[in-house]
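See structure below.
Going in written order, the chains are labelled A, B, C, D, E and F, and every chain counts its residues from 1.
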Amino acid sequence: MFKHVDYLQFQAKPEKPDALLAAKMQELVGGQFGEMTVMMQYLWQGWSCRVPGKYKDMIMDIATEEIGHVEMLTTMLARLLEGAPSVATEKAAAANPLLAAVLGGQSPQHAIVSGGSALPRDSQGVPWNAGYIAASGNLLTDFRSNVAAEAQSRLMTSRVYNMTDDRGVKDMLQFNLARDTYHQQQWLLGIENLIADGLVEDEIEGSNRGDEKEFARRTFYSFDPESTAGEGRWAQGQSLLGEQLEYVPDAQPLTDDKPLGPAPDPKLYVTYD
Amino acid sequence: MFKHVDYLQFQAKPEKPDALLAAKMQELVGGQFGEMTVMMQYLWQGWSCRVPGKYKDMIMDIATEEIGHVEMLTTMLARLLEGAPSVATEKAAAANPLLAAVLGGQSPQHAIVSGGSALPRDSQGVPWNAGYIAASGNLLTDFRSNVAAEAQSRLMTSRVYNMTDDRGVKDMLQFNLARDTYHQQQWLLGIENLIADGLVEDEIEGSNRGDEKEFARRTFYSFDPESTAGEGRWAQGQSLLGEQLEYVPDAQPLTDDKPLGPAPDPKLYVTYD
Amino acid sequence: MFKHVDYLQFQAKPEKPDALLAAKMQELVGGQFGEMTVMMQYLWQGWSCRVPGKYKDMIMDIATEEIGHVEMLTTMLARLLEGAPSVATEKAAAANPLLAAVLGGQSPQHAIVSGGSALPRDSQGVPWNAGYIAASGNLLTDFRSNVAAEAQSRLMTSRVYNMTDDRGVKDMLQFNLARDTYHQQQWLLGIENLIADGLVEDEIEGSNRGDEKEFARRTFYSFDPESTAGEGRWAQGQSLLGEQLEYVPDAQPLTDDKPLGPAPDPKLYVTYD
Amino acid sequence: MFKHVDYLQFQAKPEKPDALLAAKMQELVGGQFGEMTVMMQYLWQGWSCRVPGKYKDMIMDIATEEIGHVEMLTTMLARLLEGAPSVATEKAAAANPLLAAVLGGQSPQHAIVSGGSALPRDSQGVPWNAGYIAASGNLLTDFRSNVAAEAQSRLMTSRVYNMTDDRGVKDMLQFNLARDTYHQQQWLLGIENLIADGLVEDEIEGSNRGDEKEFARRTFYSFDPESTAGEGRWAQGQSLLGEQLEYVPDAQPLTDDKPLGPAPDPKLYVTYD
Amino acid sequence: MFKHVDYLQFQAKPEKPDALLAAKMQELVGGQFGEMTVMMQYLWQGWSCRVPGKYKDMIMDIATEEIGHVEMLTTMLARLLEGAPSVATEKAAAANPLLAAVLGGQSPQHAIVSGGSALPRDSQGVPWNAGYIAASGNLLTDFRSNVAAEAQSRLMTSRVYNMTDDRGVKDMLQFNLARDTYHQQQWLLGIENLIADGLVEDEIEGSNRGDEKEFARRTFYSFDPESTAGEGRWAQGQSLLGEQLEYVPDAQPLTDDKPLGPAPDPKLYVTYD
Amino acid sequence: MFKHVDYLQFQAKPEKPDALLAAKMQELVGGQFGEMTVMMQYLWQGWSCRVPGKYKDMIMDIATEEIGHVEMLTTMLARLLEGAPSVATEKAAAANPLLAAVLGGQSPQHAIVSGGSALPRDSQGVPWNAGYIAASGNLLTDFRSNVAAEAQSRLMTSRVYNMTDDRGVKDMLQFNLARDTYHQQQWLLGIENLIADGLVEDEIEGSNRGDEKEFARRTFYSFDPESTAGEGRWAQGQSLLGEQLEYVPDAQPLTDDKPLGPAPDPKLYVTYD
């Protein structure tokens, strides 16, 4: 069960409105790697977690924090949208390049749909959907998805950070950047802890590992005759599982199996001889 | 530019048709973490890569391999779908529990839409979409997404591996499991190599790091009074950046900023006092 | 079966083209609460209606009218798009702020995809989808969805109405605003009529009402210690079902059930102790 | 900012696992009118609310409760999925009709994707998306959407309630049904309160009402010569705004405007004379 | 403007209910090539058509007919769903293979969401979306899309036709098959007519044809050294534009341009040397 | 299995960057009829093809070419995005109309998400999805879809061709236009070849043709009393199957079947008498 306190985790006070920036910052709210994604990803991982104690508590803690991050962003966007020129007409733009840019670049939905508030959509207006999140019940694979989500999210935050001089916006993003730095580490340290606790053997997802075609788990295949990929660390030395890495230039099929299906049921009217 | 040879990378020969298994294996073709996802993710990362030489070549090599993995899976599914009872009616099921299971569980689209072939959809029939993939131009964050994709993909392959006794299907999945094991390592070794080559300073995405709120990048906040998350490695000892980790139980707002937007434009008919 | 007459229900004649306005008005055609939504919602409710006579006829009548509303909007947009500067280049904008605004804000798909016509998409280019509509077979719940759809739709129309000075556009929107006013009432009067006809007992959806946990249908729970929600009408006096409303500040869990699932099948490789 | 306590609001203890029921109950979690929808709809309305005090607090209170409802449902589904026959093969079904039904009807993603937990998807596997929710900043229109959402949601809960004999599942659904009964009233009483507080004039969304084509806001148009819709309350007596309702059988176009766009830009290669 | 008459274009009377068939027939209603697609495609093409007279009238006529086809299908599905065992439990299936098949294979949404009616979704429950339709304003390209839609639609209808013995269902599908046969021809004859009327020069979309790289419009490139594609009609003889076709086996890049972008803006944190 | 050579099929060298054009050209990459669509459509058709030899080889050849077309486009877009003013603020636009246009019209995701590269999305930011493609196993219907896709794709390319003066962009588009001209013919010649080889009887999809309602496959029904559609070739003369075409003005229902479903299960709470 959840509770709410009517204060933000961190302040969200822009110096002044900026409808163009608000349109861009939608990516940080409702984009593939925005705050809604990590909020929902962690909530679903927490609800699916079968390990009581510190792991489940940790996931629920960060999930709860992230709901508050969406709240901070939506507050920031509502303030950036104050006084957006939603009812200005083409004529007004004729004498005013700045207004022209704003008219062109702002989200029409910020006026028409939400009446000057943030939207659960990305910077191009695409609604958030649950195909962005991962929750497999397997903590190793999910922590991997979480490091990735925080890294991508931080990179986008950082790009937006450079798109504005507004000190209030930058102030909040400095907090968000730091949280994304911490959270990347949190998940990597979580993997360390899973290994230390014996919940997983090593850092490579390896269920049914004994059944693998052994030659294929230590080999880099190249498919371009001019490829220089053999110079990389992934193609020489020891693998992370302690095996010798192998490099196969200009790889050939390992079989003479040709990709043709069997003659189908005539009642399906598939074309065949 | 690409070329094609009309042989599979690895054979895809089931012992016998199995329409129920084909429906499930759609998840490995067109699901969020299926072969189409890694194929498209690596192609887009390769096309966006600005580092010539081994990195770009490596990404294009694996991207090219993954097109062939989709090909292997689609061939396997076409063969599993041979003779699916697509035109059987309810009556036929009345005397045959096995047929009943198949009739219930097979994908109607395998008969109606594709005529007995695989579909670019997941196991529930949802069309694949590009919201599943990441390609940011930043190799560190993208390699993180790639480790995650291979780990999730391997886990799902492994779960499906346990759902069948068909030796031909298992034979191919043993190859796929091994590739996913190798590919997880490939991306982790890629991160090692980025650091060794000086393209990135450490393994934590850290652009604009100097501008972060420093206290917030080494702190775990808990939002549940009974949380035991403080017992984890992420809340004690040194961070991966060499700082002292801090644990804050029962975290409180860091501000008295209340999340209420300004009075909006009356022309938007938003309700306010 | 349907018929068509090649005249609009109401005229759709803008004074002059305006590609920026056309981009915004897409929200009224193909947005979540645009004309396509009510057209499809009413068609599907009519086709699903099991009550012959005035109810089914009323729903089919309004559904048929709404197809004509999409027709009016698409005609208006085609006229607004006449002469849109689709082939103007960046250079042309350099000397002309108005053109700059139009170049920035118009929909590229209006030129590239539809060749100067409306699109079945919202103002941000997201294709209309059937996840926007409701048709449950239960007239009370569907009429509730219909009042909501007309109210949301009218609000957005009203916001767009203030974004233009074009007398032709305003003329048509004055008709649409009025229809949305009437239609809100139509559905509320429909609910009155359902009760008068004995098809439903009261205005609250109440199937299986006798099985409800009685205490939970007259109680407002607050989850914020500083909440003032207890001051509202919803927390005091009689409910619409004639019961005494109760206000519970700072609500606590009603159970000691902790949200942890059972130990799962090991073959699923979910992490657990 | 949010907090979490690790107890459910209400218990979620099924008598025994039932994978088929779990597949159906996904509709109540991630469907168009499931708990995720009301959770997200209320959170976004609360974050967009510009009226401090009881209205904003009330919306945030129910939003916070609804996060807990998703939590209850996900816990229930994890328990229903315990021991689902995910690795059973076709052969096992041959001798067992019950197993055949389960194999056919269960969600393959419950095994392959989530490892025996709920998914943020509907009963057919379609990922939840933000196109399901409404948050306009206008409390009248949003409360209308909320009554509708609770009514639709209650109806679906009630239908599922009749699909099981499991006393534990029914126990929880009896709580949910009651909350949906209360919440329908909460939003209707909220509209009463908005009028009493003078924040809105009447219960019909009426911004720019003075500009409406007056004849069109009190008229029912019929488009079927045999329609009996004129017998309904919506076509006779006084409107809710105190005007005389009018019924127009076999409605004709109100204009001779024909829906044809102007001759387009030749560079768009649209076909014209 | 549209009208409605409350009779079907053709009868839709199944001999008896069949919930499994109803689930499959959803593909013909709301699938990529179902009746909703052609209904919406033709409506949008008609509304976008700039050629008055027979072309616009023809498109609006077939569009109007197709609304009636969706109506026929939804009526058929409502009748097939009568008495679907929506409230049967797992236990009931244990003794009844037929019921097991139905329980497994029917759409849970037919009971929970629509209460026994058709849904605007495909056979796997994916909501219909406007990304399925084409309306470019160019009659040649649109008629091409229309032939394709009718051909695909007919093929799927034909596959479903073989999945049932119900004479009532087959009776209606015999009408639909015939309409799809006629409609394929209608669009091909439409292309003939466009050429005869001089609205288009030939049957190949050729705007800006004079600017084409001439060598590339008469050449088949092969990318597989063992390809036999040179044996086809497309690789020998005259093209439809009267040019000599050329076959290039084992095609090589026509340029030495390597696909690497320029060094990007450092502020975007893209990885580069 | 596939191979890659690190050269483009044709050069993709713009004269200079142009972020506005890049945003528009996304339609040619990830739009409904962009290069990703034909790439994926042909790959899936090739993998589903059951006719060995020239047909399968031809489909795989063009599929392989199309992967290279996506590669050309992504390279072109990366170059057009060089130096896009991603970090320019509102203030900079105030004095510069051209910058204003660019700021308004460029895709925010080109900076925030991809760091200056193309995206697998259309010109409005909608992610590509597999609902755009067709692969039925039936070569006649699929070749029809392919002609349509190439015609639509060429038309959009041609419209974009007119939106720029950049000689480098035009140079590449001149190649693409020519390929789309050739590919339209390729598929039409493919249909000729299918007939010549006896794989299909005529050019009209006609499975189960003997079961059709014969009158309905040669009749044009008009649903508008003023329609002039009877003047078209589709309504007079011989059909493509050699039958006499018939024109039915002001068509009436062919049945007295009224579209009302049966009384439903009371447990579904559908409204009925």
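In the analysis below, a contact is a pair of C-beta atoms (placed from the backbone, for glycine too) under 8 Å apart; a residue touches a chain by one contact, two chains touch by 3 or more.
Bear in mind the structure is a predicted one, so any value in this text is a computation, not a measurement.
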Chains in simultaneous contact with chain B and chain D: A, C, E, F
In terms of residue numbering, is the interface formed by chain C and chain F classified as same (over half shared) or different (under half shared)? different
With centres defined by CA atoms only, which chain is the most remote from chain F? D
Where in C-D, C-E or A-F does the B-D interface recur, with over half of the contact pairs identical by residue number? A-F
Could you let me know which interface, D-E or B-C, is made of more C-beta pairs in contact? D-E
Where the CA atoms of chain B average out and where those of chain F average out, how many Å apart are those spots? 27
Whole-Å separation of chain centres (CA-atom averages), chain A against chain E: 34
Need the CA-centroid distance for the pair chain A / chain B, whole Å please. 11
Of all residues in chain F, the ones touching two or more other chains: 1-9, 32, 47-48, 55-57, 60-61, 64-65, 71, 74-75, 78, 86-87, 97, 100-101, 103-105, 111, 113, 115-117, 121, 124-127, 129, 131, 136-138, 140, 155-156, 158-159, 162, 207, 223-224, 226-227, 253, 258-262, 264, 267-270
Chain touch graph shape: choose line, ring, star, complete or other and state it. complete
Given the complex, residues on chain D that touch chain A span 1-9, 30, 40, 43-44, 47-48, 56-57, 60-61, 63-65, 67-68, 70-71, 74-75, 78, 113-121, 127-131, 133, 135-138
Which part of chain E faces chain F closely enough to touch in the complex? 5-13, 32-33, 53-55, 57-58, 60-61, 64-65, 71-72, 74-75, 78-79, 81-84, 86-87, 111, 115-117, 126, 129, 131-132, 134, 136, 138, 140-141, 144-145, 147-148, 150-152, 154-156, 158, 161-162, 170, 174-175, 177-182, 184-186, 188-190, 192-193, 196, 203-209, 211-224, 226-235, 239-241, 251, 253-262, 264-265, 267-270
Residues of chain E touching chain A in the complex: 155, 158-159, 162, 267-269
Can you check the complex and tell me which residues of chain F touch chain C? 18, 20-21, 23-24, 27, 31-32, 97-98, 100-105, 122-126, 156, 159-160, 162-165, 223-227, 253, 258-264, 268-273
Can you tell me which positions in chain B touch chain E when the two form their complex? 1-6, 47-52, 55-56, 86-91, 93-97, 99-101, 103-105, 107-109, 111-113, 115, 121, 124-127, 136-140, 194, 199-200, 207
